[in-house]
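Paired with chain B in one complex and with chain C in the other, chain A is shared by the two complexes that follow.
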Partner chain A sequence: MADSVSYFLMAWLDPSLLMLTAIGTLAGIYVGAIPGLSVTMATSILISFTFSWDVNDALALIVGIYTGGVYGGSRTAILLNIPGAPSSVATSFDGYPLAQKGEAGQAIGLSTVMSVIGGLIGVGVLASVAPFLSDMALKFAPRDYFLIAALGLLLVGSLAAESLSRGIFAAAMGAVIGLVGLDQVTADPRFTMGSMQLMGGIHYVVVMIGMFGVAEAFFQLHQLNAKPLRQKVDKIVPSLHLVLKFLPLSIRTSVIGVIVGALPGTGGDIASLFAYDHAKRSVKHPSRPFGKGAYEGLVAPETANNAAVGGAYVPMLTLGMPGDAVTAIIIGALVVHGLNPGPMLMIQAPHIFWFTVGNLVLANLFLLIFGLTGIKVFAKVVELPKAILIPLIMVLCVVGSYSLNSSMTEVYWMLGFGLLGYFMKIFRFQMGPVILGVILGPLMDKTYRQAMSSVGNDTGSFLLSLVTNPLSLVLTTAVVLLLLSNTPLKRLLQRRRQA
Partner chain B sequence: MSNEPRLKAGERAFNVLLLLLSLGVLYEAYQIAGFDLPNSPGAFPILLGLIMIASMIAILWGQRQHPKPDTQGALDETRQFLHEHFPLAIVVFLAMAIAYLFLLEFLGFIPATAIFLFVAQVYLRHGRLLASLIITAVATGIIYALFKLLFQVYLP
Partner chain C sequence: MIKKVLATLALSVGTLAVASSAFADYPERNIQGIIQWGAGGATDNVARSLTPHVEEALGTSIILNNRPGGTGVIGMNSVMQQPANGYTVLYGAENPQLYPIMGLADFDYSAMTPINVIGQGLVVIAAPADSQFDNFKELLNYAHKNPGKLRMGGTGAGGLPSTVLAMVNSVDSLDVRNVTFGGDGPGITAMLGNHIDFMPLSLAAAQDQIPAGRLKGLAVFSKEKIEELPNTPPITQALPRIESYLPWGPFWAVAVREGTPDAIVKTLSKAYEKGVANEQFQTFLTENGAKPLNLQGEKAEEFLNRWQSVTAWALQKADAAKISPQDVGIPKP
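Entry: the complex of A and B
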């Protein structure tokens, strides 16, 4: 217990960690707010620079950026009607109408306080649930990990993509990219096409920088001349009465946020849309009609997306499964530092868990401070012309991918993935399933082969084991239901019921 | 009149290319260990290849009733695709990005980055030479100081 407390307070008492968390949170707010920059892009570029750092320093900075970034998108959603991040799309539905009514300051203040409340509830759940889940996860068989990973890919495929087929294709393609190189067990080359350079595999950060950085930069070139409307911002700090009025709703939507965030593969973007939908259904008498400046429509997505941050850490720290794209990057950072995210992390490196929990609480407090101040400077920075921003993004992408192995090969790969990502975005394929596929593909390959070996390479016994163990049965049922819910069978049943 | 959304110019061709890519993945996966044991290094890749093919067929099958793009012939469709998704700004920026990568190998990080940032800004902002020059100098200096001195990473 004493150890846990000391690990929890590590970032609070060490001046350099304190400063890194503060810098990360402030930078995250700006990164999340500036349209064209995203938290995923920033963390994927940044991660390559922190490989040589101490693990605590790297985690402190990333936790700050993650927390600040998820919140930051709300500011531009309110002020400019441009969600700075996907998790703030729902915020703009009522945030911008509020700003048009001259209540931009109140909207920003309320979204800041609610984001902090959501963030702290998310961390609370992480601290209380993760140790138990971690103990449970020690009993999971390889087939269960395989099923959880498959469930995560199917979830992100069906929720993030336009159709499940597109999501599954993107995830499978990502998994193939993740498997390129020599097999870890037999050293057989896989998908190398005889190239020596591909023997070492394709670094997942290169894929991420290409698909989230370069592809987005190309996409932003379509909106070079878009001029945002400026809003007047007055009083920011919300009254206690206003905060207390929306507290019950924020607690409910925080729970939604944590649960959605904790599902492997789903993050703040999906959580905020679920929460907005919940608010619309459950609030009978909103302050104004939804879509026309209802405070409830602002509170719900903002609490949920920050609560999802704590939720996303749950599967990452207990199962080694990323809760979303950012935690997928953090998994990579932990592995580089010799740590093994998953159930053994709590035993081998408990300090990492409690350090992360303490750090997340700290980042939320910094969020409260930075969120309620400096709005005038902020308004100037977010109006940075895209013609300046896009070439800078390109340079940062080059630096980030080169620094992985000090090799130009990675830089060319990054540009190639950027172009592929641009084409995929044009034709409505999402990047999220590709990235999760890259991360989860090798894990699924490993656990599938372990599970198959454990039943003596007998396919029949393997399939039987998926339904004879209680946990595996639950997971298999979830996978099958998710698949069936996206087939014509569901529409057929609905039609029959209506008839 | 179909209620399905109209296909984008080039969408079907792109999906067919992805189907061919999926077939290539399956072929490459088979090359790893053939249809050997179920836990062979090629087993999961074969599964992935089959999943890619099945999902792409499902996508193409689902699109069979979508109205075709409002174009006349393949040439017109290609022209519309390029017009919509590769306007001059993107083509020029892509060319500048590729030139930047080549310049990095010949000139090194600082000169190549300064040239790229300056030229890209002048092009994208339609002039503004002095402002672009100042921003280029400040940005290159900050990036160099931040990454080389603070983060201590190797720059190209």
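Entry: the complex of A and C
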């Protein structure tokens, strides 16, 4: 116990570790805010030059970057309608409408406080029930991931704002984009048209940057002469009353975030979409209608994606298995530093667990400080004249997509998707469902085939396995209910009840 | 103002001097290192651990970039598109040697000039801790009686598990359900949850799980027992006839584009030889379940050719190759 406390406080008491966490958090916020410059990339670059460092120093810096980076993605999502990372896609649904109402400052303030609350709940779960949660995560068989992916795709019902058919079309298109590349099982090329560049598939961040960033920039050309809205920047820190009002929702969405984050096959991007859907279904009287600047629509994804950070550390610290792409790189870093991440980690390097927990708490506190400063300057970005703002967005988009793989291929694809997204916007298609499809389509494809080959490619036993296992049965029921709630059947039932 | 101009002048003269004096000597600028697999994986870890020692020997920086995708085809292709001047090097794994027979690309390492074959990984066949099998012999017996019932974790066509399966199948019969995962990590996670029955893994990925009692080692893919897993029998105990393929395992190599001037190849080879021989890196390799090789020039080419011929023909024998090795000019071992 005394050991745990001293490990927990390691980063708090050592000035250099404290500084590194702070620097990491600050850098993470800005790296995360630029679309395409991802936390994954930042950590992998960092690892190269932390090679000669002490392992604790490297870990402190990475924890900061990770925490700051996941939060940073919300900045551009709110201000420019360009999510800095896939986990901030849902943030843009209500965050950007808020900025258009002149409330960018309040939106960023609220998202900061809520991110910290989500982050702390995530760490709390990590610290208290990590072994239990990781045992639970192991119980998820391929068929369960398949059901989660199906559940996720059904979210299209809440993401497609006005037209469900347009939403389904967009999600299906996203799923097809996600299938491009070498087939995972047979290594046969799919939809590559003989091009070697396409064998690796189309990076979903490329689709995101194009559809949100470039399409938005093109779209704004329609309103070149519109006077930029003056942003109210006087009340940035949300009142205690407001925070308390959203506390029940934020606890629920944090739990969603931490569980989805702890599953080794899913991460913050899926968690935040689930959370947004949960808010939309459970909050009967939002501050404004969802999609038009509801605070609840901002709170849900922001708490969930930061809570997912704590979740992702669960399988990493207990099993040595990555919870997402960033923890995969941290595992790589531990290997390079001569530690063997795995079940022996707790014995070989017992300090790592509580050191990381302490560090995550610290990073969240720094997030609160850094997140709430500089908002006024940031909010002014929206007030920039279009002649400066639009080229700025374009530059960010090109830099972001180039740096994904240091290759121009991604830039061309990004521009192509930008053009496509622009026309889709004109015909009132939503961009959210496309991203949903790109993320979940491949997951569903992969897990469906895993589940099928596990039962010897027998459809009957596959369907049976969906209802004979308790965990799968729960998920199957959820899928069926969600499916029915999207059909006229639900309205029919409601009408009958009223009659 | 004058100071500023002078400073700029001095700086540019300095740069010029450096540039002209270094013109004759390679390397005169940073080198790009392309890793054909993603960040955090085995190839990435090897590349990032090795490079600092090579930089020291070479006296310049090597900027590492991950270019994953298409089983490494994309990374390798991008190096082959760069000029043959030694400023772009590839950090690759064993996969290119199987591109021709898997129909992934019409090139392999023979289309490049090898600089160093760094080391070879060991392979272990693992099962969940509470598996009904204690060794590979028991698993084989069960599979003979119940063909097509066992679930094997795989990583797709041409991946390590399917190659091991093909080698087993070329001397025996092992009919299983092949469940494909994105890599060793997701496969191990599925095994910990008892969602698959066994999986051939790189020792690096499995060596912590087995002593900790979370996984069981059924066989090591070698002729003798290995130090890291003293309680796991060698596969030859269950399958003596597989010996002709051994030692076999995934490997890592560094290569440059074909046609790179000999002097540059020599400089690079020397630097990488020094880097791989570095004590710290050798410890890293052995601690991660790999055998250091450090081969250059002809020896490296010999190794690559033998590996390709043995593996390709084993796959062909087990009917797992899409294109016959004969058709793409791979000689029989």
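Brief remarks follow.
One rule holds for everything that comes next: the second predicted complex is superposed on the first by the 271 of 499 C-alpha atoms of A that agree within 3 Å, B and C clash if a C-alpha of one lies under 4 Å from a C-alpha of the other, contacts with A are read in each partner's own complex, and residues count from 1 in each chain.
As a convention for this text, contacts are C-beta pairs under 8 Å (C-beta built on N, C-alpha and C of every residue); 3 or more make two chains touch, one makes a residue touch a chain.
Since the structure is predicted, the reported quantities are computational estimates derived from the model, not experimental observations.
When the two structures are aligned on the shared chain, A:Val63 is found in touch with neither chain B nor chain C.
After overlaying the two complexes on the shared chain, residue contacts for A:Ala308 are found with neither chain B nor chain C.
Contacts of A:Ala107 after superposition: neither chain B nor chain C is touched.
Of the two partner chains, chain B is the only one touched by A:Tyr402; chain C is not.
Once chain A of one complex is fitted onto chain A of the other, the partner contacts of A:Leu367 are absent, as it touches neither chain B nor chain C. Look at A:Leu415: by the touch rule set out above, it reaches chain B but stays clear of chain C.
Look at A:Thr40: by the touch rule set out above, it reaches chain C but stays clear of chain B.
In the superposition on chain A, A:Phe140 makes contact with chain C only, while chain B stays out of contact range. Legend: residue contacts after superposition of the two complexes on their common chain; A:Thr186 is shown touching both chain B and chain C. Of the residues of chain A, those at positions 48, 52, 183, 185-186, 406, 449, 453, 457 touch chain B in one of the two structures and chain C in the other. Residues of chain B touching chain A in their complex: 8, 10-11, 14-15, 18, 21-22, 25, 28-29, 32-33, 37-39, 41-45, 48-49, 51-52, 55-56, 58-59, 62, 85, 87, 89-90, 93-94, 97-98, 100-101, 104-105, 113, 116-117, 120-121, 124-125, 135, 139, 143, 147, 151-156. Chain A meets chain B in the complex at residues 48-50, 52, 163, 165-166, 168-169, 172-173, 175-176, 179, 183, 185-186, 188-191, 193, 214, 218, 221-222, 224, 385-388, 390-392, 394-396, 398-399, 402-403, 406, 408, 411-412, 415, 419, 423, 426-427, 441, 444-445, 448-449, 452-453, 457-459, 462. Residues of chain C touching chain A in their complex: 39-41, 44-45, 48-49, 51-52, 64-71, 73-74, 77-78, 102, 104-105, 148-149, 151, 156-158, 177-182, 185-186, 188-190, 192-193, 195-196, 207-209, 211-212, 214, 283-284, 287-288.
Every residue of chain A that touches chain C in the complex is listed here, in rising order: 40, 44, 47-48, 51-52, 138-142, 181-187, 196-197, 199-201, 264-265, 315, 319-322, 325, 328-332, 335-336, 338, 340-344, 405-407, 446, 449-450, 453-457.
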